[in-house]
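Down below are the structures I want you to see.
One chain, chain A, appears in both complexes that follow, with chain B as partner in the first and chain C in the second.
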Partner chain A sequence: MPVTRYVGRTTWFRGKRLYDILSRLKNFGKGRIVYRHVFSERYPEPSYYIITKVDPDMRDPTEKDPANHKSYAYGQKVFRGEASGEHLIKSCYKADWRLVPKHEEEAFLSVKAEVRPKNVVKSVLPFPPLMQHLIKEQQKEQGLDDMPTLRIAIAKSAMNKAVLDTEKQQAQ
Partner chain B sequence: MFSRVGLLAGPRTMIMEALDVPDKSSFLRLVRWRKRRWAPVNQSKIFFVPERKPRNEEELKELKATYDQYHTHIKAIRTYLMHDLAKESHEKQDKSHVVEEARVFAELMEENKRWNEETARIREARQAMETASRREELMQSLINLEEEQRRQTVSADSAVRTEKELAKTFIDVDRLEEEIEKALNVRINYNFAIDLEGNKYIEMSDGSIELQAKTTEKQPEATQS
Partner chain C sequence: MWRRVLYKCHVLRNCVTLECRRTLLSEAYACRDVWQQRLQSPVLQQFDASELAVKLSEKFEKEGKTSAVDMDILANKLDSIDTVQLDFVQSIFYKYRHTNECLEMPDSTPYALIRCLLEMGETDRILQMLQDKINYGIFLDNFTANLLLDHFIENNMYQEGAAVAYDLMLQEDFSHPISRALAWYACHLHWKNNPPSAEPPAEPEEDDEKQIWIRVSFIENPWYDDHFDLDRDSLKLGKTFVSVARGNSDLIGRSYQLIGWALYEKFESGLTLLRDCVKSGSVPAVTQEAIDQFRESLEAVQTKEPPEEKKDPGLVTMEDVKPYYTADQKAKLLEEFQELSNQLAATNGAVAQESLEEALREQACAAIRSGEARDVEAQRALLLQWDEDRQERLQSEMERMRKLQKKASIEQRLQELKAREERLRFFEQEDKIHLSISQLPRMRPIEDVKEEEQFVGTPGERGKGF
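Now for the complex of A and B:
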């Protein structure tokens, strides 16, 4: 009886690599739903892909240099309940993918996520106490009255969707 | 591994201190970095998988929010200081050299203008000379052309006159039979007699004998008439 012994560290990944799933499906799983296990655990909203296109690399994997073999999969992306169109699926190599069985697809898609409230942040922050003191002193020396403001800048990205309170007022 | 003598050469780092043989007199000793970076995993640790530490989700959430706020704040302060510094350095700039630079620039521009004017003068003179020369060339070529045309006219005229002269001897269709008859009636003897002096006796078409004295020049071919 062989004994399985692990090395390294534990992982949160529970699943298969994407191509381990897709290569066993009809038409490479076009139209099927796949999702990452860690996202399903981490967020209450559903995150998944509906596969739209697959460019498989069907070369013999026993040939030399199989590391250069690359397949590409595209899908309609839904992250935390927000659909964002067709994307190239990254992190296919992570052994964390799961397939939704066909008879469960309807139930899986019927889960409606609550709309997440926008993270509104203040556009003007207070100066640190010592800095405020020094600025005040400087202003007094120069004979100026108005205190400068400390404005913040938000690096907007797909992951950072925070909005400034001034922007929110403008939008309303 | 490291000898104490070798380590004396450079500044002693924390790693070097950790690698030292423990001093019995000290109570504190670092336990990190006992393994060299290039040394393999200890045999007893190969199959050691550390367990995940339990984490307090609430605390993590709070910490993440706090860190986000902190980093945003720090970024805002850094941006403010950068702008402030830029403004200050702009204000503190010594403006005296600006006037001097402007004066030097104006001088240079004046000199450049003078150079340009001089160059323009030279260029215009050269261009005028070139225009005159070109005009001269064109006039000469016109004269040459006229001369050539006149010469060609004269040449063509003389050629026409020669042809007209020759045309008088041409055989007409009306006189063709007559001429053929004439040609058939002419008797030509290509043989000739020669005496000891080298004189030739050629029989002409009318039966007479013509004496052709010897010449040093090349004899012409037997004449046909």
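Now for the complex of A and C:
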């Protein structure tokens, strides 16, 4: 038999495509726990999904054709130990998914992650040096001498969860 | 004279087999009356199975899909179909699985499919469809699992019985006590009667000189999940024993866990179990059979040395990522096992000599005795409920079709009216029509169209559209 040899870029994925797992399970594995291997390697906190709803493209459910990603699923998302409700799973086609066996589910869910410290940012900062210099010059001309300060606003997003120190004090 | 003797032997053998064939599930479990009653319902009476199959096949070709209720009716009418047509029907179920309509498949479809095929004696087909989950999506429920297991055990079809148990193992669903007990018993019978060979199937010899190069954007790393990827029968049997005996901490539970770990080739777990037995000093701890099987499997396990240099990612296959034991590890495991088994043998009565077949059969019978009546009731209710549901589904489906037809006919009528209006009021609206024609986007005259310059790839890349 001739040797088949693949040529292409390599990835760190070690697992199955999500619908490779889900289409072998009764009811498309609703209620089962799946996780991405890459995230389980990268972070000490658990990251996983509990499947709630499926939306596969049954013409090619396991997405063998890499140019055709049309299968999606929905699940209760927990990322780095933080639950964030039901989300669409877009990366079903990545061959990086693993299923948690039913008898290990309890142990898997009972892993408690340490609460990660939040990135607290000062709400008021001095101006950058050049700006400071320019402002000083301006103040001198106008005969004033109180230095204004820079107010910080955080561009909050899914990736940026920093908080201002004033907000933190209010929360406490 | 010889003929008479032979005849006597034959009679004797028949008696023996008859004696062996004590039934597990009672006749009432199948709920034959309610099951046959479904055929009397008006929904199923108005269709002929063969005609329906042909119609559905045409529908798949024309529209590429069909509704879930049609497939449900087909599955329920399957026993009136000729056996010759079953390949054709199977292909319809294959197509059905590859449309998104299968997401709405009611529970009655797989139930009816499996039951009809079982009554027709098409057990090979059932197993084929059950094992190919991606392409058929047929899953067992508690009742069909019990009926199948019972049928296979009673007809001494151990391999098939074990295959049903493997299906339950892959679904990790041993929650139903009767299914669990029957699956356990079926696996035991398979293990006893067809001793699994530990030899892996011979690998085809690779011809290194010939290589097929396939270009992909990303190389998919093969990964062995130790569950759906289990290939050898002994591994599946082992995992089934382990999961079916999980939670039982008595003699049967421990013994079959040990057999399971041995066949599943997870010897560390087996040794942990033995160590616990020695520590707790429970008497009897495990059976002699289990220890023999463990020794046999451990001695027969294939060893492999870790590869000296890493393989190129494009050449890695599933075989390379499977877990394996090295010769050193095997020797260590054997040594430890010898020590533990000696300790167990030294303790008086720790190793039970009896076979557990009777106990397993008794366990199955006990589970059936306690749960059968409840199951029969539930199954009857479910069958009646499914009949009603089917009626409702069919009606709503027909309503939907009617609406679609009505919509199409209204649309057509509107078009006709529009055309007629244009014809009747042409002179009133002449200006408007001319204006609308002049406002149409201008077509480019053909002589203006020039062939655009085409991109030409480097010689190596020509003819490959990436």
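In the analysis below, the second predicted complex is superposed on the first by the 152 of 172 C-alpha atoms of A that agree within 3 Å, B and C clash if a C-alpha of one lies under 4 Å from a C-alpha of the other, contacts with A are read in each partner's own complex, and residues count from 1 in each chain.
FYI, contacts are C-beta pairs under 8 Å (C-beta built on N, C-alpha and C of every residue); 3 or more make two chains touch, one makes a residue touch a chain.
In this text the structure is predicted, and so the values were computed from the model without any measurement.
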{"item": "First, second, both or neither for A:Leu125, with chain B first and chain C second", "value": "first"}
{"item": "Winner by number of chain A residues touched, once chain B and chain C are compared", "value": "C"}
{"item": "Partner chain(s) touched by A:Arg14 [first = chain B, second = chain C, both, neither]", "value": "second"}
{"item": "Partner chain(s) touched by A:Met58 [first = chain B, second = chain C, both, neither]", "value": "second"}
{"item": "Touched partner set for A:Ala95, first chain B, second chain C, both or neither", "value": "second"}
{"item": "Partner chain(s) touched by A:Arg5 [first = chain B, second = chain C, both, neither]", "value": "both"}
{"item": "First (chain B), second (chain C), both or neither touched by A:Leu25", "value": "second"}
{"item": "Partner chain in contact with A:Lys112 - chain B first, chain C second, else both or neither", "value": "neither"}
{"item": "Doubly contacted chain A residues - partners chain C and chain B", "value": "5-10"}
{"item": "Chain B-touching residues of chain A, taken from the complex the two chains share", "value": "5-10, 121, 125, 127-128, 131, 148, 150-154"}
{"item": "Residues of chain C that touch chain A when the two form their complex", "value": "97-100, 102-103, 133-134, 137, 139, 170-173, 204-208, 210-221, 223, 225, 227-228, 243, 246, 312-315"}
{"item": "List of chain A residues in touch with chain C within their complex", "value": "1-11, 13-16, 20-21, 23-28, 54, 56-59, 61-62, 66, 95, 98-99, 101-103"}
{"item": "Chain B residues touching chain A - in the complex, by the definition given at the top", "value": "46-47, 49-52, 72-73, 75-77, 79-80"}
